[in-house]
Each structure stands twice: as C-alpha cells, then as structure tokens.
Amino acid sequence: MPDMVNLSAHSQQHPQQRQFNPYTENGGTILAIAGADFSVIAGDTRQSEGYSIQTRYAPKVFRLTDRAVLAVNGFAADGNMFVKKVRQRLEWYRHAHAKDMPLRAIARLIQTMLYSRRFFPFYVYNILAGIEEDGSGAVYSFDPVGSYEREACRAAGAGQSLVQPFLDNQIYFKNQKAAHGTSHPAHLPLNTVLSLVIDSFTSATERHIEVGDGLEIYVVLSKGRPMHGLEGLRGMEEVTTTNDGERVFVIRRDLKKD
Amino acid sequence: MSIMQLNGGSVVAMVGKDCVGIATDMRLGNQALGISSEFQRVFPLTDRIYYGLPGLATDVATLRERFRYRVNMYTIKEEREIEPETFAHLVSSTLYEHRFGPYFVEPVIAGLSKTPSGGLKPFIAATDLIGCLNFAKDFVVAGTASEKLFGVAEGLWEPDLEPEDLFETISQTLMNAVDRDAYSGWGCTVHILTKDQVITRTLKARMD
Amino acid sequence: MDHFPTNWGRPRNDAIDLYGTYPIHSRPGPTTDAFSDGVQRTQQPIVTGTSVLAIKYKDGIMMAADTLASYGSLARFKSIQRLHSVGEHTVIGASGDLSDYQYIQSLLDEVMIEEFSAADGHSLSPDEIHEFLSRVMYSRRSQMNPLWNSILVGGFKNGKRFLAYVDLLGTTYSASTLATGYGSYIAQPLLRKAVEGNEDTLTEEQARSILTQSLRVLFYRDARSLNKYQIATINAQGTHISDPVTLDTEWSFAEGIRGYGSQTK
C-alpha cells in the first residue's frame, strides 16, 4: 500500500495533462512509375480521419512545372503546406534563373526542405515524378525527414503494403524468370503502365477502407515524344503550360466510394 | 511487439477450377532473428484437406496435435473422413473455446469437398485467432504478410484457374508478398490439391 | 472498446491505454526552465459550441448552428451566436472553444478593416478568407498553441459558391456538405444523402428543411446541443443570418422508454 500512496501523491504533484497532438493521419495512397521517356504519378482523392470520410475529392498530386509532378501523402495539412512552400521556392528559382528548376534539383530541394524540419517533421511521404534533363522518366521517393532515392517505381501511404509487392512483381518482374533467350524489358510501355496503375488502385480500394472515391493520374511526356496510346483516353485533360517542352496530362477516374 | 508477430510466417490459400492451392513460407524467427528455414506450418489432414497455422510456433505444434486428435475421434465415431466445411467449424469451435485466452494462430484451410452428385468442389476458409470463420470464394490470407498478400492476390488472382496456372498465381502471390515482409520468407512450399493428386513443390525463393 | 477484432484477446499493450483504465507507470515529465510554470501553451477547450452544418444549394450556401455555449456538461450560455458574417460574401461558423472563436472574429475584423482602408475596390472573397484562416490555424498548431476550433467557411461571390472546412490542426477540405463535431457523425450522412448530386436544383426552402431536420436529429442525440438555432444564407443577395428559431420536437415517445434513470419499472 505505501506504493499506492506514493503514486497518488506523485500524480498530484504533476497533474496528468493531455498533450496537444499536432499530427493526424488522413489516409489515401500515392504511386509513381517511371518509363523510358515518360513518367506516371497517381493518387486517390479520398481524405479521411479515423473512420470518417472528410471529402471525396482532395487532390494529393500536384503539377509543379511542365516536367515535375509531386504527390504528397500523410498529414494533409502538412502536405498542402509543403507543396505551397516547394512551389514558392520554384517560383523564386524561376525569377532568379528564367527557367524551370530541373527535376533532380527539385528532388534535392525537397530533401533539404524536409530535413530542415528534422525535429518537427512534416508528416508527409513525398513522391516526385517527371522528366530529367536527359529526357528520361524519373521517380524520386522521400521519407518524412528527407531520405531520398531515384527509383523506377514506388507506392506510399495507406495502401503501400498492398501495392508495392504487386509492383515489384509487375514492374521489376521480381520472382519471374524470362523465357529462354529473352530478357525482361527495363521499361514498360505507357499503356501497360497505366493499366497497372489503375489495377493497383482498384485492388487497394477493394481491400483498404482509406482508399477510394476518385483517382488522379498525371502523365509527363518527354520533349518530342509521340502521344501514342494517350490521345482520346477517357477522362484525359492536358495541363501543359508551355509549347515546346515536356507535356503534362491528367487522367481522372472514379474509384469505388464505399 | 505482438505475440502474433513473434515467430513470423504467412499462409495463403486460393480457389481454382476444380482445384485449390495452399502456400506458405518456411521461416521461423525470434523477432528479427531468423531461427529456421525449414519450419512447417502447413499440414495435410486428409487426402483432400490441407491446413496452415501461421502465428505463434508453440501453438502451431499444440494445435496440430489437437486437430489430429479431434479429427481422429471424428473419423472413428462417424466412420468416414471429415469434410473441409466440417473441419473448418471444428477449428472455429476449438479456437472459440479459448475466447479469453486464445491460441495465437490464424488458421487457413484448403480442401476439396464432396458434392451430393459425387463430384468435388474447391473449398477454402480462414479464421482469426478466436475462430471467426471467413469462407471466401476467391482467396484467403493470414500471417505477418497478410496485408501484402491481400494486395498481390487482389491483383493477380482470377476465376477458374487450371492447376498449373493456380500454382503460378499462388506462388507469385506468396513470394512477392513475403519478399516485402521482414518476418516472412526463407523459402516457400506450395500444395495444389486436385481431384486425383496433390502437387507439392518447394520454391526457389530469396533467402535474405 | 477496441474495435479491431484482431486485437481482441491479445495481451494488452501497457504503453498505450486509450481510455486510462489501468494505472500506468509514468516517467517524470520533460525538464523545464524556471519560467515554464508561467507559460501556458497547450490547452483544452473550456466554453464550447457543438456542431455546425452547411450545404450547397441552388443559389448559394446555407449554414446552421445552435446557440448554445456549454461549460463542460453545463449549458452555460443559451443565446450565443456562432455564425458570423465576414464582409459581403462570407459567413463563418465555428464549433469548439468559443473564446478562441471570438479571438478569430477579432482577427478577421482587423483584416476586413485593413482591406477596407486600402480602398482599392477589392473585397476579400470567401476562398481568400478561408486561406487566411487556414494559415492562422496551421501556424498556431505549429507553435503547439492551437486555436481549438473547427470552422466552416461558406461564401458566394461572382456567381460562385464556396464551402470549406478548417480545424485546429490546419486540416482543410471542401465538399458540397460539411459538418463539424457530432454533426460529422450524425448529420453528415443525412446531408450527403439529401444534397449530393442535387446541389444545383435544391431550392432555399428545401435546403432549409434539410438543415432543420438534421439539427433536430442532432438535438435528439447530442447532449451538448440546444433546440434554438440560427440559419445563415449566402447568395447573390449577400449574407443573411436569421434570428434565433426554436425547433419543434416530439418527446411523447419518451413515456414509453423503460429501464433508464429513475424510471426503472
């Protein structure tokens, strides 16, 4: 019993105070795949907190320049603020250098911006996709404090563990052996990639309550690359701002709303 | 760290055309430390029923013996082999007997059940650790890689797969899921049950 | 109650005890300097308002809130206005701490005066006011000193409807129906069913009856609500906040209820 007395005396000295939690988790999934001369980056449009759907349309994928698209997932308020800050830095760069920042430079910028908040992080998983200066499709993925890597494909967010192993299998051909005298392609064609992206999100929607409602797929095409396969696609819209550079498209699709 | 994740391991079962598949990894671990790459957690019960017990290894051993005992008693009393559906309910009630101090396993059952016309119908089921039954028409998953298994299976599975296609589908599902799971892997075993044979194969998988 | 069946029957995790049902050993708190006692940062809401509801309709936005300010479970002030118009085109409505809300109103008043003084012929649009609010809320949460509110912003300017949400974390979103507090659990499903897909056809009459019915349901089930409410309309004619109205409610069914409180037979 003396212990109990001590415990209550101790708790009177320091009244139990509920600390304000500055973070929450808003669900959703994002995903990006790089092709030889294009990249595709997508996210669902559901925003939720706990078991409540806040809205069925809150974009998580944002066009930064004609050759860079950024997807953010995690705590929505941090995500929106982070995109806002990245865009401001890109605008300053444009004013200083009279051109858009190259993709790999944006990637490094994002890493320094995330790391600058190492001790009060933006609770956001970032995926950056676009076209490098050499015309190749690229995907960069980040953790909330700025560790980053260039890859061919990456999924993040609530559905990461459902989607990533599927992509390992279908993009990297993991655990698959090519037939005799053949080899697996290093990059897949655009229409295959788009089908995989849509299938990934339909699967994640089927099995994860935080994924669904709508799908936004951004496609960035390298300079001078023919459109083949993309023109006339249902729900497609071009969002390019300049005439003779890379081109950006967005494809909007419905996902199950339950 | 949950007891369910202490030893690691995952099982998946799928329905095909007149056949079923059940596949598992072979890792036994103690948290992050790998102990064995030859651990068995999928067992034959009859010629037409296989079941897997991902979860706490000590309970895997205990339950295997309990199920063997209870099914033997059933066979003697009834003078016939147990049907997969019946076994699923046996598993469920065995687990629910321990509702407030459960065995830490999530059983997966795959079998071919007899139809009134004398044919065979594929059957799969899974339960949680207290025996809540899930009779799925497509696939069931359990274990530390269950979320990954759900993701890949949802993308790869299709209806009416022939035995060899089912083998490929279930193998790819399992291997790609466990390769992204730190607590599963270290080899895979696959069983495909058809009307006249059971195909058992050990897969060449990543061992890291 | 743990709602995740897979957690049932597993050993409890003593590091996380959501409902404080078990005396948990607590470590000494973080070391602080000599002045820390004099600084109050993290707070809890004191005098609070409950749900605010808002929907889009044919001509604009309609928003509703009751007039109760609660002090814990005490119905402390029964005639507090929680809807507030900001300029010509916007109405905001808040739930949560009402002193924080009054501070926000004074901030907005200040901004509106500043904008008026510029005399540049420009008046702040609803989305600009929402942006301002979300920046204030996000910056305060980042200082670990939040304004403890969930706020709805409704507006109509240049023929365009605007309806958005912002809360103490700086989280923002927009939809054709919005609700805060208990309203997000109880009223939002009713609002979505009535409004989604009909945003451009709902008349003012219909919108009003949808909101009134939702407020009634809330009054029946939310113990911190009141049967006195106000409705704001924001449309081409500008903003209008109604005088307090009393809900007609039906309680005769209560006679038939047995087994609660003092009535046990």
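When the chains are written out, they are named A, B and C in that same order, and each has its own residue count from 1.
The criterion applied here is as follows: contacts are C-beta pairs under 8 Å (C-beta built on N, C-alpha and C of every residue); 3 or more make two chains touch, one makes a residue touch a chain.
As the structure is a prediction and not an experimental result, all values here were calculated from the model.
J.: If you average the CA coordinates per chain, which chain's centre is most distant from that of chain A?
T.: B
J.: Name the chain with the Cα centroid closest to the overall protein Cα centroid.
T.: Centroid comparison flags A as closest.
J.: Taking the mean of the C-alpha atoms as each chain's centre, how many Å separate chain B from chain C?
T.: 49
J.: So, what's the distance in Å between the C-alpha centres of chain B and chain A?
T.: Going by mean C-alpha positions, chain A sits 35 Å from chain B.
J.: Which integer distance in Å separates the CA centroid of chain A from that of chain C?
T.: Here chain A and chain C have centroids separated by 31 Å.
J.: What residues on chain A touch chain C, complex-wise?
T.: Touching chain C: residues 7, 11, 14, 16-20, 22-24, 26, 47, 49, 52, 54-58, 75-77, 80-81, 120 of chain A.
J.: Under the touch definition given earlier, write down the residues of chain B that touch chain A in their complex.
T.: Touch list, chain B to chain A: 147-148, 150-152, 154-156, 171-172, 175-177, 179-180, 205-206.
J.: Would you tell me which residues of chain C are touching chain A in their complex?
T.: 23, 26, 28-29, 41-44, 134, 138, 141-142, 144, 146, 165, 169-175, 184-185, 188
J.: Applying the document's contact rule, which stretches of chain A touch chain B when the two form their complex?
T.: Against chain B, chain A makes touches at 159, 161-166, 168-170, 174-176, 199-200, 203-204, 206-207.
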